[in-house]
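In the two complexes that follow, subunit A is the common piece, with subunit B as its partner first and subunit C second.
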Partner chain A sequence: MIAELLPAIARGVGLTLYVTGASLVIGGIIGLSLVGAARSPFAFVRGIATLYINVVRVIPPITWLFLIYFGLPQFALRLSTIQAAIIGFSVIASAFMAEIYRSGLLSIPDGPREAAHALGLSAATTVRHIITPQAFRVALPAIATYGIGLLKDSALASTIGVREITYYAQQSAKQTHEGLLSFIVAGALYIVISLVVALVSRQVDLGLRKKIGVA
Partner chain B sequence: MDMLTQWLGWLPSLAPGLLVSLQLTGLSLLFGFPLGLLFAVMAAAKFAPLQWISFLFVEVGRGLPALVLLYLLYFSLPDAGITLTSLTTAIIALTWNTGAYASEYFRAGLAAVPLGQKEAALTSGLRGWTGFRIIILPQALRISTPPLAGLAVLVFQGSALAFVIAVPELMSKGFEIASITFEYLSVYLLTAVLRVTHSHFPGSGPGAGTPPRPPPATQLTFAPPIQGNPAPQPQ
Partner chain C sequence: MSFSFGTKTPSIALSGEVVVSGLGKSYGAARVLSDVNLVMSEGEVVSVIGPSGAGKSTFLRCLNYLETPTEGIIEIGGAKVVAGGKLPDKASLDHLRRVTGMVFQSFNLFPHLTVMENITLPQRKVLGASKEQAQETANRLLKHVGLPDKANAYPARLSGGQQQRIAIARALALSPKVMLFDEPTSALDPEIGLEVLAVMRDLADEGMTMLVVTHEMHFARDVSDRIMVMGNGGVLEIGPSKQVMSDPQNDRTRQFLKAVLDR
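Entry: the complex of A and B
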């Protein structure tokens, strides 16, 4: 039975990875500008960014997806299911990634920045070559953890009809009446993917640590 | 203010849904946090099978998306001859999920208590369970409270998932209204507003996952009262 279920459900792996990856990348980029805005010298910009981050984080992902997929067509903005899912998860990811970047930045002591200033480096060079590499190293485990969380959240995209793992699992469950087995297969697929992500991030993390140890 | 009058009209039919959401969240937290503490203690047990059981439950609870966990229990329990209402199934699934996540927070809290405390407890003659209960646990709870408050908000959000197995909570009520009126955007905005306003449990605002420097005293009701200074007074 598993021999039939596995290929049927594994068809969704591609879209699961696509939705997760695209949202993580887009959200990560938006998050960068968000964290910049949240630390801006203008109180107004700061307020807007903080409000955005907080509002996005307290609304459940499923509500975001429904708002975007069912709500926006009222204003003649019709999105495909995949577009709606990626937009929804990007919005959510941007807020969470901004928080992760913020914690990374906060962990950098003032010393390196002052040293860079004393050496006459410009603000842009300081951020690019001094702050970001250190902050990234701190933030990497948190980013990987959030990536795995997003992978699991992407199961929600099945509720608006994106054909990913959970969608196919549900379909197989209905067709074969093997509810338990098909969802166990789906769960196993999620666990395998997140294990791979965790291992890769640990390797990268170790590599970065070794680099510091040598330098 | 067309939308506001619309919203006022919908509120009475959404209110029972909100109540179900709150009930679902409350019960999941009520069962989930002690379960998480149990898993955390079991993970530190000397008896290996206890560790394995804890590992299995925690990794499955954290590794599976909450949605898959809900479907899994909802579709598989009847196969095993257990028929529960969708609300009960949702409570079980969310409790498992909450317990798995909470156990990691509790574990971090327990690990953050300095070893000296345990040794001091031992030298004061507080061994085993007693020492754990009055020396280690209160300190660990104080450390893990801010992330647990953040988790409570996440569980409240997660309760929206129960929609997919037909629990009559806020999201399903919203869906009901939306499919009658076709005002999808407006209805879901209202449910979002209701959720945001109810996410602010005392002391667990949106930023609660990142603890402020001096961790605030326990605000969650499950925690036992913490005495000001738990140091024992040996004779």
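Entry: the complex of A and C
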């Protein structure tokens, strides 16, 4: 039975990875500008960014997906299920990633930044070449953890019809009446993907730790 | 037109020369630095000594605006800034930082970059040097500070003394006119500190203009031309090194020197 269920459900792996990966990357980039905005010298910009980060994080992911997939068409914005899922998860990821970056920034010492000033590096160069790489290095384990969380959340995309792992598990359960087994297979797939992500991030983290030490 | 009072206050800063007049800094009502005056000629080495909390580091850090002074005038190597409690315009700030190089107590190398990258990045970004040019300068300076084989190491793999010598090379790579040292050996054990002091001694011999905040009394006496003693946010006295060490004029200086020399 598993021999039939596994390939049927594994068809969803591609979209699970696609939705998770795309959202993490897009959210990660938006999160960068958010954390910049949250540290802006202008109180108005800071306020907007802080409000966004806090509001987005307290709304459940499934609510976001429904808002975007069923709500936006009322404003004549019709999205495919995949687009809606990626937009929804990107919005959520951006707020969480902004918080992760912020903690990374807070944890790096002042010294290298002062040295950059003293050397006459511009503010943009200092942020890009000195601060961000250090903050990223500190934030990496948290980013990996969040990525695994997002991988699990991506199962919610099945509720709006994205054909990822959980979607196919539901299909198989209906067609074969092997409900338990279908979802065990789906669970196993999530475990395998998570393990790979965790393993890779651990290796990268150890490599960096060996090379540049703990920041 | 120029007028002068002896050699103390020339009205125009010459190249490589430092003229600080009436420098002060307050946080609200708290005054941490007041009326610091200092004129240095090109190639001169001045050590700044004094008890903790005297304002030595604050003074040094005001010179390249890591701290923002609230009053006074700073002229270094052709850059001139009139203090007003806020950062000067970008051109003046860039100029001031361009002519000064700073070495910190805690080295402050960029931990995510190799030694080579630490030295080449500022050259490329600030001077617009090519990669080859920057590497050539870096290799020359690494040889100079006695670490020619550490180009590809990351700072975490180096001893404190080695990190500090790299930090000196990194600052020198931008050809500053004046080097500012903020307790460069205080975080090092005495033996390791010697290798850093040796590099600084070489630098002084080569004619670099240097302002050194330090607790190394031998260095202050033997290497620097003059010693400036600070206390309580101001200058207690300033004079030729040997004279300040052997015959201090100020009571507080005498008390401080007795404490550091008798231990």
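Some notes on this structure:
Operating definition for what follows: the second predicted complex is superposed on the first by the 212 of 215 C-alpha atoms of A that agree within 3 Å, B and C clash if a C-alpha of one lies under 4 Å from a C-alpha of the other, contacts with A are read in each partner's own complex, and residues count from 1 in each chain.
The rule is simple: a residue touches a chain if its C-beta (ideal position, glycine included) is under 8 Å from a C-beta of that chain, and two chains touch if they have at least 3 such contacts.
What you see is a predicted model; the values in this text were computed from it and never measured.
In the superposed model, A:V25 makes contact with neither subunit B nor subunit C. In the superposed model, A:L206 makes contact with neither subunit B nor subunit C.
In the superposed model, A:M1 lies in contact with neither subunit B nor subunit C. In the superposed pair of complexes, A:P133 makes contact with subunit C only, with no contact to subunit B. Within the superposed three-chain arrangement, the count of touched residues of subunit A is higher for B, of the candidates subunit B and subunit C. Of the two partner chains placed by the overlay, neither subunit B nor subunit C lies in contact with A:V196. Applying the stated contact rule after C-alpha superposition, one finds that A:A118 touches subunit C and leaves subunit B untouched. Contacts of A:F75 after superposition: subunit B is touched, whereas subunit C is not reached. Of the residues of subunit A, not a single one touches subunit B in one of the two structures and subunit C in the other. For subunit C in complex with subunit A, the touching residues are 64-66, 94, 97-98, 100-102, 104, 106-112, 121-122, 125-126, 154-156, 167, 170-171, 174. Remark: subunit A residues 53-55, 57-63, 66-67, 70-75, 99, 103, 151-156, 158-159, 166, 169-170, 173, 179-180, 183-184, 186-187, 190-191, 194 touch subunit B in the complex.
Contact residues on subunit B toward subunit A in their complex (touch as defined above): 59-60, 63-69, 71-72, 75-76, 78-79, 153, 157-158, 160-161, 163-164, 171, 174-175, 178, 182-186, 188-189, 191-192, 195-196, 199, 205-207, 209-210. Put simply, subunit A touches subunit C in their complex at residues 111-112, 114-122, 125, 129-130, 133-134, 137, 211-213, 215.
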